[in-house]
Amino acid sequence: MLYRESGQFISDYRADRRIFRLWQERLGFYLLLVFAFAVVPFIANDYWFSAILVPFLVLSLAGLGLNLLTGYAGQLSLGSAAFMAVGAFAAYNFHLRIEGLPFLLSFVLGGITAAGVGILFGLPSLRIKGFYLLVSTLAAQFFVQWVLTSFGWFSNNNSSGVITAPPLLVFGRDFSSPAGRYLLTLAVVVALALLARNIVRSELGRHWMAVRDMDTAAAVIGIPILKTKLLAFAISSFFLGVAGALWAFTYLGTVEPHGFDLTRSFQILFIIIIGGMGSILGNFLGAAFIVLLPILLSNLSGTVLAGLIDPGQLENLQKIIFGGLIVFFLIKEPFGLARLWQNFRERSRVWPLRY
Amino acid sequence: MEFFFEVLLGGLLAGVMYSLVAIGFVLIYKASGVFNFAQGSMVLFAALTFVSLLERGIPFWLTFAITLLTMVVLAWAIERFMLRKLVNRPPITLFMATLGLSYMIEGLAQAVWGAQVHGLELGISDEPLELGGMLLSQFDIFAAGVAGVLVIFLSWLFNKTRTGISLRAVADDQLAALAVGIKLQRIWLIVWAVAGFVGLVAGLLWGARLGVQFSLSLVVLKALPVLIIGGFTSIGGAIVGGLIIGASEKLAEVFIGPIIGGGIENWFPYVLALVFLLVRPAGIFGERAIERV
Amino acid sequence: ANEQYFPLQSYRVGPYAAGGTGFFGGFIDYLQYVNTKEGGVNGVKFTWSECETEYVVEKGVECYERLKKGLNGAPAAATNPLSVGIAYATLERSAADKLPLITINHGRTDSTDGSVFPYVFPLQLNPYSEVSAIINYIATKSGGLDKLKGKKIVTLYHGSPYGKETNPILELLAKKYGFELTLLEVPHPGNEQQSQWLNIRRIKPDWVILRGWGVMNPVALKTAQKTGFPADHIIGNIWSNSEEDAAPAGSAAKGFISITTHPSGTNFPVLQDIDKVVLKAGKGNLQDPKRFGTVYYNLGVVNGILNVEAVRVAQAKFGKRPLTGDEVRWGFENIRLDEKRLKELGAYGLVQPLKLSCSDHEGGGAVRFQQWDGSKWNVISDWVQADRKLLRPIIEESSHQYAKEKGITPRDCSKES
Amino acid sequence: MTAPLLQLDNIEVIYDKVILAVRNISLKVAPGSIVALLGANGAGKSTTLKAISGLANAERGEVVDGRIYYLNRDITSATPDSLVELGLVQVLEGRHCFAHLSVEENLLTGGYVRHRSHARLNESLEKIYHYFPRLKLLRRNQAGYTSGGEQQMVAIGRALMAEPKLVLLDEPSMGLAPLVVEEIFEIVHTLNRQQGVSFLLAEQNASIALKYADVGYIIESGRVAAEGTTADLKNRSDLQALYLGLEAA
Amino acid sequence: MSSPLLELNHISLSFKGVKAITDISFAVREGEICALIGPNGAGKSSLLNVINGVYQPDIGDITYAGTRLRRMQPHAAARRGIARTFQNIALFKGMSVLDNVLTGRNLKVRGSWLEQALHIGRAPGEEVIQRQRAEEIIDFLRIQPWRNSIVGTLPYGLQKRVELARALAAEPRLLLLDEPMAGMNHDEKADMSRFILDTQREFGTTIVLIEHDIGVVMNLSDHVVVLDYGKKIGDGTPQEVRENPDVIAAYLGTSH
């Protein structure tokens, strides 16, 4: 009975609203942080940093961004990658054009620019609902990509439209090494995840869910629908924008508009489906899944199945497995990995009883 | 001026090609409330199966029959292993399931038939027709005819048959549909099989235009705004939407494109659809969502 | 182990699978051939393993990171991603890892300047050379460079950074030679081009340069036919020149002209040999043996020849053992493929004469023109050279700017041996 | 004694694999009888009905234990449509009309399974309009826009279109005006008498339910707490205050 | 006798030409419980929708708390202290009971979203206060055991209670209840009636409610308005209405 609630009486509301209510959870979280910040940098190698950990973190953040919009506020979006692109290119340009702008601040400004664009494409959500709203987000997806490819200014007139990251200097320290990139990404992602957690538990988070569950009723009880929806778009896009900037700067080091195409938007959507809509933890689980599964499969083919099955077929197989898993999750556990984890916890709480 | 009309006419005809794909969407949406993102993959799958068989020397009509059968089997499998288990779930869940499905179908299509590019000749000549100084594509006119026939057939199916009413009932409330004894599973099988057939027709025509290859699954992106302008629930809307999108995007690309930079065809239809939606939030012919309190 | 390793970031599925399967098929078959026929290079056998990138940048990066350290002790010689996006994303990494990055016929034009980009090799033909050669060809067809004046040329380009890359050079050439240039963009992926071709119909150009990729190519040809533009006045660039680009367009492709750095076909000793040693022995990599000798396949073979040659050259200097990436880089920089050497390799006519150096990582800069007869390509011209002298200053300007941005001090090439 | 039309043996229903809604319910419906299920909110009445009609599956519910028999066959895992064909129809709690279909189309959907011919359909339709004249007025209106009570009539009418042998009625009186409630129970009564249709109804309005039913079951937390003929139940003082609230009648 | 809080003046409403409400006028005094009864489809719910701005009347206006209004938006109505429940429960199904109740208080929250997100400024203190209020209401309606349950999985009757809790959380001046006791058994109705009465007594809330159980209506209300086919056919004390022959014919039937 690892998770014992008994004995922990929550005596005031302040304690009840803490991010983690049980001491086990708090301890677990702190241990995880210590591990991620202090232990991982010493045990992981370049491959882990560059090819697994950093993309995992960035995608988690992107998933988080979309989850705020879709999982919490109920607005379907297929334009996540566009907001990432805006974040990446804006951060790049702020850094490029404002002399001496602190590096992290350019991330924030990138995020804010993305938020602005998010608001713009969120405006129709007041009138358009459900699947019809996909149109607005797809418009964002294609329009942003077009703008970024068509106008050389955004990539500082690079002939291939590719932007490259400047040296990652934060407070005078260089974070360009793989471990440094990892730490920088980790810090940003952890900070934003905590912020997100706070938001969804606040009044605004409740408004989002209210709008998601039934927007007419929400209007009747006085929730300002437009503001709520626009804030959802703005904050979601902010997170996505920062994720985009991280993608370009700390992960790949270079990026072209095409790197944020529709496929990326789908990828992010899959993260939240598999991870769990309306859950913060879910994004991390979903991203881990989406980063690790292909690598696992492809490594398997390189070793166990070497020669048995050609890499192209393996990729097809992977597609089938991926699609299959998505369907499987939707059938068996519509709330994703996060719910599985929660169920597991519930079980261990009452273990060995069944219900 | 003549040029203008040429662009306009060409656009209208191209628009009908989008409609062909959009019809597949409408069919499934109207009949089960599912927004089927996998329609594009079905188009790819059908076309790929068709050419691959054809290239193995099987005669045209036999190939057509076999491919159709394959699509029915696919529909059966989708019903059996996916839809049946997702009864009475929110539409968004089903939508996402079809995303997963599209991955599976794409993977499957490439696994079975490989990733090569195939040419497909339907024997419809594509020498342009000259009409008062304007060139018109014979092929596109043929495609428009096919689309017309499809629309007439499907409108009949939905409005004049018992099945039609049952289909719409399923789209509204699956639980209640079950309660009155509608055979959901059979309905789904029928609808998805018909969508497979529409996919095959679209696949052949698009395949003859583009060559049969992976990019065929991307034609959904062109069909979406069409669908949205027309309304998800209207077969006729898919045609009208297609005409509007086709004509306006071509005119925009030719006349506005050069001013603002060209290559605007990818987003223009979406922005146009958005404008339409702001005026009519359920498309031109779509049914409004009913919200009563 | 006495082995040299090639990490292969291949792509065999997805929208560009046709290119990937052909190219990597040829590349692998050539390595296999060298192993079987000659037991490797000086007894050092080649090994390789594949990692599927699907032409997706981050997958390419993951593959790069996974494979760069070699396999079972065999060190990596060079990476060949065959993708501009992946090349960009691994450009700095490969410099840091001292592993040559081969971008044959594509890539970043300014990486031709090896003093700034020591580890990047846009072998044979960079994008600028490509358009310059096409213009030179049109000039020959019109009867001289001075006849270009007043000619109308439309460039139809893929709406991606790759597609746009050569636009500035085309504009420059248009100004220099006085032809009328119209640039038309086709949005990705390019399966709808009616408006562009209607525009072309209105402009009535003398030539259309097709700078396509993937599905955009056959669709361009089909739409050209639909709008009545003759295929034999369309010139495909280096990624619009394969069987997979022309054949799906069916009869519409007949007469279509494109450039190539290597003829297709199997009439070269080296290909005959590969057929004998590898394919006939059932060890071929192609799923569809009919693609033997196609443009992408042959490009793979050419790429194999160049990579192996680099290893061979480097071994001559560093010893007959598996080499480090940095040593292979030296090998690339010292490739000297003249007529004699090409004949020894059985690749005369397949590979153009190449001479690389510290400052020139491209080497050739020549193309031939081929025409589609409805079922195969036929070469219709001799080697046509790009105006490399004209391009060099532009390249250097760009590479020096890069050096400044990144704080790189260019190598002094006069001191390289 | 004749064999029961419907019989439940110790069924247990779980939602979502974790929520135990029905723990242990056994009950019988004799042919031609009216049986009432009574009990507080959340007792498990609706769940029981949905388990019988096979609709629980559609809400991620599952009969994990026990068996259900109808017309002497085991229908524990039968599909809803096969049950409708066998004449077992449920009226769902909370109306569930097809919002975009007109009132008449709603009714028609109910008749498709059991009637093949056009004439028979129209005949049934007229019967329903006879029962609920208000629906005739609204026949062309979209059901989604009709009032709560009207939707309830549509739902009941739609089920009756199938000319069932056994109707599972979940809270038929909910949201209906007193006059209409009376009418509905009169309809139930008539159908029962004249055509031998059996009813299993879950109803909160105990007084009216017991007035018309032959047998009653009282459900508490997913178990049968008491059962008997309605006459017996009405006389059991221990139940009166708790469940039946008969003092107000 | 207190003055009217709400006055409807000649309200008419039609949908695509079909009259749902025809020329209805009546007044609700501050602090009273007014019951709306009538056959199905009489226009009761539509009238509630008119009062809080979900529907806009074709003709007529409303005087609320001394202000005359031609038309109103739902959120404006909420801001003026009008809260309501719905005939077909309109709870936020994916949220817990507590969160639903807290949303009911949204108009009372002062701190901006940014303050809350960063947990600074007014937010921390306020959060505790809101929470206390919500808990009080949860206690009042005795739904503590389900405080953290997701409302979508609760039985119907409980959901009705949660909906009332959400409406009460807004501390409304005028509370509109659309069939709050549908689907409840006798006992539960008694409980609910008590809550409604307590609300009126403790907070002085004015209540307009629709109910079909005539017994409940008689016990609860101070004033009854009867509709039939969109027209008003009765208006008075419960006793008066009960004896009105029109009402008996149209609605009650003879047996009661």
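To keep things simple, chains are lettered A, B, C, D and E as they appear, and every chain counts its residues starting from 1.
Basically, a contact is a pair of C-beta atoms (placed from the backbone, for glycine too) under 8 Å apart; a residue touches a chain by one contact, two chains touch by 3 or more.
Values in this document were obtained by computation on a predicted structure and should not be read as measured data.
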item	value
Required steps from subunit A to subunit C (each step between touching chains, minimum)	1
Relative to subunit A, chain with the most remote C-alpha centre	D
Inter-chain centre distance, subunit B versus subunit C - centres from mean C-alpha coordinates, in Å	37
Chain centre separation in whole Å, for subunit D relative to subunit A (CA means)	47
Rounded Å distance, subunit C centre to subunit D centre (Cα mean)	73
Interface hub residues of subunit C, defined as touching at least two other chains	12-14, 17, 21, 159, 185, 187-188, 287
Per-residue multi-chain contacts in subunit E, two or more chains	45, 54, 86-88, 90
Two or more partner chains touched - positions in subunit A	146, 149-150, 216-217, 220, 312, 316, 319
Residue numbers on subunit D that touch subunit B, as the complex places them	53-55, 57-59, 79-81, 83-85, 89-92, 96-101, 105-106, 108-110, 112-114, 142, 144-145, 155, 158-159, 161-162
Subunit A - residues contacting subunit C, complex	46-47, 50-52, 55, 146, 149-150, 155, 158-162, 164, 166-167, 251-259, 261, 263, 294-295, 298-299, 302, 306, 310-312, 314-316, 319
In the complex with subunit B, residue positions of subunit C that touch it	12-15, 17-18, 21, 159, 183-189, 191-192, 194-196, 198-199, 201-202, 214-215, 218-219, 222, 225-228, 244, 247-252, 287-288
Contact footprint of subunit D on subunit E as seen in their complex	15, 18, 38-42, 44-46, 87-88, 153-158, 179, 182-188, 190, 212-215, 251-253, 255-256
Complex contact set, residues of subunit D against subunit E	15, 19, 38-42, 93-95, 134, 138, 141, 145-150, 152-153, 171, 174-182, 204-207, 242-245, 248
